[in-house]
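The chains carry the letters A, B, C and D, assigned in the order they are written, with residues numbered from 1 in each.
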Amino acid sequence: MATHRFTPTHYHTTIGSHEPVLHIADGDTVITTTVDARGKDATNQVVTPRGNPQTGPFYVEGAEPGDTLALHLDHLAPNRDIGWSGTVIAANVVDPEFVRSLPENELAEWRIDRARNTGTLISPKTSLGELTLPLAPMLGCFGVAPVLGQAINTGTSGEWGGNMDYRGFVSGVTVYFPVAVPGALVHVGDGHAVQGDGEIVGTGIEISFDVQFTVRVIKNKKITWPRGENGEYIFTVGNARPLDQAVQHATTEMLRWLQADYGMDYVAASTLLGQTVEYDLGNIFDPAYTMVCKLPKRVLAGYNKTSSC
Amino acid sequence: MATHRFTPTHYHTTIGSHEPVLHIADGDTVITTTVDARGKDATNQVVTPRGNPQTGPFYVEGAEPGDTLALHLDHLAPNRDIGWSGTVIAANVVDPEFVRSLPENELAEWRIDRARNTGTLISPKTSLGELTLPLAPMLGCFGVAPVLGQAINTGTSGEWGGNMDYRGFVSGVTVYFPVAVPGALVHVGDGHAVQGDGEIVGTGIEISFDVQFTVRVIKNKKITWPRGENGEYIFTVGNARPLDQAVQHATTEMLRWLQADYGMDYVAASTLLGQTVEYDLGNIFDPAYTMVCKLPKRVLAGYNKTSSC
Amino acid sequence: MATHRFTPTHYHTTIGSHEPVLHIADGDTVITTTVDARGKDATNQVVTPRGNPQTGPFYVEGAEPGDTLALHLDHLAPNRDIGWSGTVIAANVVDPEFVRSLPENELAEWRIDRARNTGTLISPKTSLGELTLPLAPMLGCFGVAPVLGQAINTGTSGEWGGNMDYRGFVSGVTVYFPVAVPGALVHVGDGHAVQGDGEIVGTGIEISFDVQFTVRVIKNKKITWPRGENGEYIFTVGNARPLDQAVQHATTEMLRWLQADYGMDYVAASTLLGQTVEYDLGNIFDPAYTMVCKLPKRVLAGYNKTSSC
Amino acid sequence: MATHRFTPTHYHTTIGSHEPVLHIADGDTVITTTVDARGKDATNQVVTPRGNPQTGPFYVEGAEPGDTLALHLDHLAPNRDIGWSGTVIAANVVDPEFVRSLPENELAEWRIDRARNTGTLISPKTSLGELTLPLAPMLGCFGVAPVLGQAINTGTSGEWGGNMDYRGFVSGVTVYFPVAVPGALVHVGDGHAVQGDGEIVGTGIEISFDVQFTVRVIKNKKITWPRGENGEYIFTVGNARPLDQAVQHATTEMLRWLQADYGMDYVAASTLLGQTVEYDLGNIFDPAYTMVCKLPKRVLAGYNKTSSC
C-alpha cells in the first residue's frame, strides 16, 4: 500500500503496450501530474506534442489478462491558473445544413481560481461577459493497454477506456477496466476543469492536473466494457458510434453485471432497469462516442452483491 | 381563462387534423382523462384499440401556423390501481448478438398506491420481490397536429411531438410546440406512472391518467422542435434516429433559442453550452428516438430574456 | 384487364387514405401523367404546390389488408424538354466539417432530348460544359396508403413505399407493396430522367412524366417491406435511418422471402446471400434513407419457387 | 523494378509500425502468400493465431508521410482446394427482434476448383445442394501503417485501409493509401475466393492466397482515405460506423479528388456526381463498416486529369 510520487518526463499519444514508467503493487497509490490536451504543463509551457498526451503507463504487479483493474480517482485538481476551451459547437453536433451558419472555432481562455474553485471566461469578449462557473475537475482520457498489443491514439476510446470525455470521471469515483496485458498498464491524461455533457465544443476547460489514484487488482474477474461507481450509482460505459451502439454496449454490460454480481436473471434485471435506469452522454465529439448506463444504488439496496464489481 | 372538464368518448391512434372534440380559448384549462397504451381506462376495461390512444384533439382558438403553443402540464396522475410494464430489454438496446440470450417479453403488473405515491411489482415473481418505486407520473405521447394535413401514428414522434416517452414531461412542466394547423389541435395520451430513461423495456408503468393542462398561444413565434421548461432548466427536444441526429436537432434548436431570446451569438451560445449543457435520453425504443438538450436556468440568470420561449 | 387513361386534376403531397380518383380492377392498366417535384407539368407550368405531388390515389378492387399489390411499371418517360437538378451535394452526405466548404445550392437546368434519349446540362456554366448523359427514367416517390389511416408526407418513405428515390425503379420493374387499406390506394409521382445512387444532390433530373402501370392483387400474401423484381434480380427495400437500419429491414425481408417462397431455411438462405447478395443505395438524402437488397435470379435458378412474390 | 519472392515466416494481427520483413523499391513487385482468416496456410494447417493475420510489412524505399502509395493488385488467387464461410447472417445485419429467429452460426466448407474457377458448397447439407459459384478472388484486409505509431487490430479499418472486406479489391485494381510512416509498411492478408456485398455472414469464402502486387510512390500527394481505380471506375473508400459516416468520408474524398485532379469546383463535381455516382457496400459486419463511392471513367473522359491519383 505504498504511495509513489511520480514526475513524468515523457508522454504518449497512444494508449498501448509502452515501456512502463513505474511498477506499482496492488493497493498502491500514485501521485503524479498530467499535461493538458495540447501538451502544456503546470507552467503553461508546451513540453510534448499535442493530442491528449498520457502520463504513464504504470505497471500494476499481479494484474493479468482476465482480471479487472479497479482505478480509484483519489484526487483530481487543476495545477495552474489558466485553461482554454473551444468556442463553437462541433459540426457533427448540429443539423448538417446548420453548419454553414457556424463561425470558425477559436480558443477561449478561462482564469482558474483554485481558492474559490471557479473558472471565469476571459476571452473572447461575448455577451456572456466574465461568465464564472464552479470547477468540477474530471479526467478526459485514461485507461489501460488494449488487447493484441495494440497502440491506439488518444483521440478515441474503446473497451480499454481512452478518450471518453465523460464528466462523471471525478474525484471519488472508482473505474473498472478489463485487464488485457500483464501489468494492465495504466495511462492518465487530459484533465478538464469543467465540462458539459457531450464535450460539444470539442473541449472542456482544458488544463494541466495534479492526479492521485489508487489501484486494486480483482483477480479472475472478466468484464468487457469499463464500469464504475460513485456514492450514488453503479455505471457502465459504452464507447462507439453511433450513440445507439454506445447505449447497446453499456446496457449489455449492465445486464451482465446485474446477473453476475447481483444474482438477477434478465427478466429481473430488465424490469428493474426499465423503470430506474439513467443514461449520461459522455462525449459526442470524438471518433467513438460515449454513453453511460447508470443504476442508482438505492434501488439495489437489499440485493445480494456477490462480487466486488 | 375557462376550465373545461372533458370526458372522452373516442380516441385516435394517429396525431393529425382530426375533428376537434372541444374548442378552447387561449389561457383555458382542460381537465380530462387518458387511457393507457393498450386502450384501457380507469376501470381497467379496454375501451379503444391499443397503440397510445389519444384524447382530443382540442382546438385552441387563435392558434395559427407560425405561432407557438405553450402547453402547461398542470396535473398528471394515475387514476387506477394497476399498471403494467415490459419485462425484457428491447432487442435494439442491447448488442445484436446478445439478443439471442434474452427471454421472451411478458407483461409485469404493478400495484399503484396513490395514497403512498408508490408502485409495487406484483408479477412476475423474480428476485426483485415486491420491488417498490416512487411514482413520477409523466405523459409518454402528446403533441399537436403536424404540417401538410398529415396523420401520423402514435408510435413515433417528430416536430409535432408524439411518442417521445421522455420522463421529464411531468406535472409543472411547460412544453412548447410549433403550431402547424389552425387551432394547433392538441392531443394527449400514454401516461406512465414511472419510467426510466430510454423506455428500454418498451414501456413505463403504463396506466390511465387524470390530466389537467392549460394552453397559451404565443403569436408569431416560430420554433422548429418542441421546447420546454421547468423550474431548473430550459430544454429542447429532438426526435429522430439514430440518437446522434436527435442530438443534432435538439442542440440546433437550443442555439436558435439562445440567439433569438437571449441575444447570444453562436460563439457565446456555444461557449456557454459547451461547459454547462446536459442531455437526457428520452426514448431509445420507438421508431424515432428522443434526446433532450437542457440548459440550467442558473447559468442564464442575468441574461436578458427578450421573448416568452 | 381494362386500360384506363387518366388525366389528373389535383395532386397530394401526402400518401394516405385520400378519396380515390379512379377505381380499377385487378389486372388493369393505367396510363396517366405526373408533375415534377415542384408541381410543374408537361408544359413546365406550376399546377400544384411543390413537394413530390402524387397522382392518384387509384383504388384497386379486391385489394384488402393482408394482400400484396404488384405494381408493374410498364412505361416511364419524361414528357417535356426541360429538367432541373440540385448543384451541391447535400450537407448530410459529406463530413460535417466539410459543409463549411460547400457553396449554396442553386438549380441546374438540363435539356431533355427525348429522340436521342439524352439529358444535356444547360446551366450553370461549369467546367463540365454541356455534359450529356443517357436518360434512365425512374419514379422517385410512389406507393400505397399506409396503415392506421395515416397520411404521410411525400418527402419520406416507409413500408408503404413513398419517397425512396431509388434509381432501380425503371420501366419493366415489378414492385410489390403490402396492402394496408381496402383498395390499396396507389399513388405515383416524382419522375427523374436520370439519377445517381443516393440522390446525393437532393434531386435527380426532375421532370414531369408519362406513366403507365399495371396492377395485380396477390391475395392472402403478407409482406412487410416493398419487394421487387426485374429481369436479373429479385430485391427488397428497406427505408429508415441510419442506412444500417435500412439494410436490416431489407435483409430481413429477403430472408423471409427466401424462406416462404423458395423453401430455404435461414442457414441455406444465409449461405446463399452471404456470397451472392448485392446492395444498392437508394437515397441518402430524404428523412428515411433507402437500401435495396438484391439477389441475382441466376443463383436462384433451380430452386422451387412456391409463390408469386 | 525488381520482383521479390517472399515466403512469410510470421504474421501480424495488427497493422502497425512493425519490423519490416523486406525493403523494396518504388516500382518493385512482390510475390508472396497469405494465410486465411483463421491462420491456415496453403496446406490447410494452422501456422499462426487467427484474426486476419497479415503478411509483411514491406518497407517501400522513398515513401514518406505526405506521399501516396499506389498498390497494384497484380494477381490474387486461392492456393488450396478448401475454403470456409459462415452460415448465418450476422446479428447486426437483420432487424434486432429477428435475431431471436436465427440459428447458431457454424462453418460451411467449400471445395475450390482452381481449374474451373469455381467454389462448390460441400457442407452443411441444405436445400442449396452443391451450390456452385464462380470464383472472384479479393483481398479482405490490407493496408499501410497508420499515423502516430499506432498498431490497430486487423478486425477493423480506417484511413490506413485494414479489414475493409470489399469485394471490389480484385486482381487488376490499383489502391491508393495515404503514407503515414517512412516506408509506408504494406500489410496484406485475408483472401476471399468469393464474397457478396457487405460480408453479411461475417466471412467470404475464406482461403489462403497467392498474392502478387506492385508498388509505386507518388511523392507529395496527400490523400485522406483510400482511393482506387479499375478499368471502369475511379473510387474512394470510407470506413466508419454507421454506414452514413462511411458514405460521408468516401464522398468527401471523391469531391477532393475531382477538385484537385480534374479541376472541378464543388458545383461541377456535385452536379456530375449527383447524376452519375454509384456506391458499393464493402462490409457491414466489422467494427468499421465500408462504403465505396464510384465514378465511371466514361463520364470523366475529356476532363483534364492533372495528377496521378
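The rule we apply is simple: a contact is a pair of C-beta atoms (placed from the backbone, for glycine too) under 8 Å apart; a residue touches a chain by one contact, two chains touch by 3 or more.
Remember, predicted model here, so these are calculated numbers, not experimental data.
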Those chains which touch chain B and also touch chain A: C, D
Chain whose average C-alpha position is farthest from chain D's own: B
Length of the line joining the C-alpha centres of chain B and chain C, rounded to whole Å: 34
Rounded Å distance, chain B centre to chain D centre (Cα mean): 47
Computed distance of Cα centres, chain D from chain C, in Å: 32
Chain D residues counted as touching two or more neighbouring chains: 92, 96, 102, 241-242
Of chain C, residues touching chain B in the complex: 13-14, 16, 51, 147-153, 240-242, 245
Chain C partner contacts - residues on chain D that touch it in the complex: 85-89, 92-96, 98, 101-103, 108, 119, 121, 124, 126-128, 131, 133, 194-201, 203-205, 241-244, 247-249, 251-252, 255, 263-281, 284, 289, 291, 299, 303
Touching residues on chain B, where the partner in the complex is chain D: 90-92, 96-97, 99-100, 102, 242
